[in-house]
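Dropping the structure in here first, questions after.
Per-chain residue numbering starts at 1, and chain names A, B and C are given in the order in which the chains are listed.
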Amino acid sequence: MIVLFTDFGLNDPYVGQMHAVFAREAPGVPVIDLFHSVPAFNIRAGAYLLPAYARDFPPGTVFVCVVDPGVGSARRPVMLQADQRWYVGPDNGLFEMVRRRATEYECRVIHWRPPQLSASFHGRDLFAPVAARLTRGELPDSEPVSHYPERRSTESMLARGELPDSARADVSWPEDLAEIIHIDHYGNCISGLRAESVPTTQAVRAGGEVLKYARVFSEVPPGAAFWYENANGLVEIAVNGGSVAARLGLRPGDPLTLIQP
Amino acid sequence: MIVLFTDFGLNDPYVGQMHAVFAREAPGVPVIDLFHSVPAFNIRAGAYLLPAYARDFPPGTVFVCVVDPGVGSARRPVMLQADQRWYVGPDNGLFEMVRRRATEYECRVIHWRPPQLSASFHGRDLFAPVAARLTRGELPDSEPVSHYPERRSTESMLARGELPDSARADVSWPEDLAEIIHIDHYGNCISGLRAESVPTTQAVRAGGEVLKYARVFSEVPPGAAFWYENANGLVEIAVNGGSVAARLGLRPGDPLTLIQP
Amino acid sequence: MIVLFTDFGLNDPYVGQMHAVFAREAPGVPVIDLFHSVPAFNIRAGAYLLPAYARDFPPGTVFVCVVDPGVGSARRPVMLQADQRWYVGPDNGLFEMVRRRATEYECRVIHWRPPQLSASFHGRDLFAPVAARLTRGELPDSEPVSHYPERRSTESMLARGELPDSARADVSWPEDLAEIIHIDHYGNCISGLRAESVPTTQAVRAGGEVLKYARVFSEVPPGAAFWYENANGLVEIAVNGGSVAARLGLRPGDPLTLIQP
């Protein structure tokens, strides 16, 4: 199974062009449009959403993940094998939380190149064909890398005569991210906090309001705001029958604060 | 064939997560994303749209329908067999107009449960697996119910020591709904009125304007507003080459008034 | 392979209803949602986008293209065979640039009709079934037309006793269109100019600003605006890490001006 996770949105030809590659190069393999709404260019938000959305997929799944503002630069294309799943995409930090939470993983830099590689759409030209090959049991030309993601200090780079690489990932991120990383269609605000790490006795402050835990929408009165563990294991805040984002004026990137009981 | 009808929108992982269930549990069965734009939480709008959008599908089709603000409450999961099609979803009124218009139907409450059932996403965890089983010719654990949808008076509930159930459906709805229930991409306004019940000699008042019937867009001058029978059998108002919603300031829920000729 | 190219958007049942036709009438044939965001009713924008988005598809592909404000009028349904690909849709100019750029082509007017043809949704009722038949190796009832697209002068029509046909296409369009024809999810503005016809020494003026060429986003500083050849061969303007449409207040239809070096 191939699973797509991008910041492409759905209004452009990009997703369809990737599907066309799969139809030709991995015929008969199911392709799932899991998520195309990572906030544009926001590698860090994608990094925290990916393991939450990926966790239910079976071994052997190939994820193609594209949040790639550095496309066309020196950033490396990689394929990460983690807990028997493949993740194909740019080496820019997008796979950081998958990697950290994996029981075992290996990262390979991709040397394979297509006959024609556009400067700006490696999702279609490089990552999709590599994913198709993986589902066919082939291992595209690649080699293991010892450091993943690539982290080099500015000093070490200058010492080697390299210019500091603006595409290099800074992934000094926390284990859980107390921040709104996606607002869904209903106005529910999804955070980068794993619910398993937050006792239900704790409250959450967002947009100046303090929200208590409830198991599910129907446990609070219509119009009431609360936090709960969403169906992907993340802390999410919501209003029963309404939009918590509209009510509290929340936007992606806004902080959530945990309040001790 | 499995057909999805929800209020999920397309910007979130919910639709993809349901597709992933079908890819695993009903491999090779076509899955159609028919409609994910039921107004959020609006069971009644969904109830009138569903039979219009479902009517062209062949016998054997399994519809998975999720407009489910009461998820996690006592509302029952059901599967309705009506005119040789299955409708799987919450017992909250969403299937009311399908049921009323069916030549024959049977409703079954679903007892089957998955190993893991989230509190808030029965579409993925319960309804999708049940639909997959139906396409495989299996009948998940369930039993016929005599009253569908569940209707209990507050008095009878209190008499039995039950608290009135806020998730219980009130479905005292008219046969046709003279109201805008969806505004499409072009700004056309779709009503809950079946066109077969409205003579073409009648006019429609909406947003303070009176609109006459035309068979099709090209029968009126560019910029003119009219009503017509849309390709799904519903009364729809439109402007040739423009947006009637923008022109008349219309929103879902606004009334249409039929004017006798 | 069947490829969809329309102005339907994704919020309505129209795309799903077409997929249902393909699932029944061309089972097993991959169907790609390439693009549903042609600006509504904008035949000309669609005409310039189509060949750019279609060029990478293999021989034998059947494109179903619906930007059809004249549906239900006298405009002819056609199927154009161009460079071993089929294009099925209305004869209203939508295929004009594909035709002009084709090495060889033949256009056929479609006489085949379904048992039930709605007045307003030929995409579902006529074009989709015709496309399904083409993928099965059948040639639906049709005949070659000598003039495509249909062009008749008002004088000649009046001389033959015909009323001038408002659905008749005026396709006196330039070879390349120096205009914004689509704004993508990131705010990048896509023009109807083929990049191969614009030397990279030229600059582009848009929204009062002059933008120079860069190969790719990462070649300019964050926040800088530039033009480049996008992955579909068109001139596109963009901001590294931002939205050029928001920054310069651009909208579809706005002109781009080429500036000689």
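Note that contacts are C-beta pairs under 8 Å (C-beta built on N, C-alpha and C of every residue); 3 or more make two chains touch, one makes a residue touch a chain.
Source: prediction; values computed, not measured.
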Classification of the subunit B:subunit C interface as same or different, half of numbers criterion: different
Rigid-body rotation angle, subunit C and subunit A, from Cα fit (steps of 5°): 120
Whole-Å gap separating subunit B and subunit C, where each centre is the average of the chain's CA atoms: 32
Touching two or more other chains - residues of subunit B: 10
Residue ranges of subunit B in contact with subunit A within the complex: 7-13, 15-17, 19-20, 23-24, 27, 40-41, 69-73, 118-121, 124-125, 166-167
Complex interface listing, subunit B residues touching subunit C: 1, 3, 10, 30, 32-37, 53, 56-58, 182, 184-186, 215-219, 228-232, 240-241
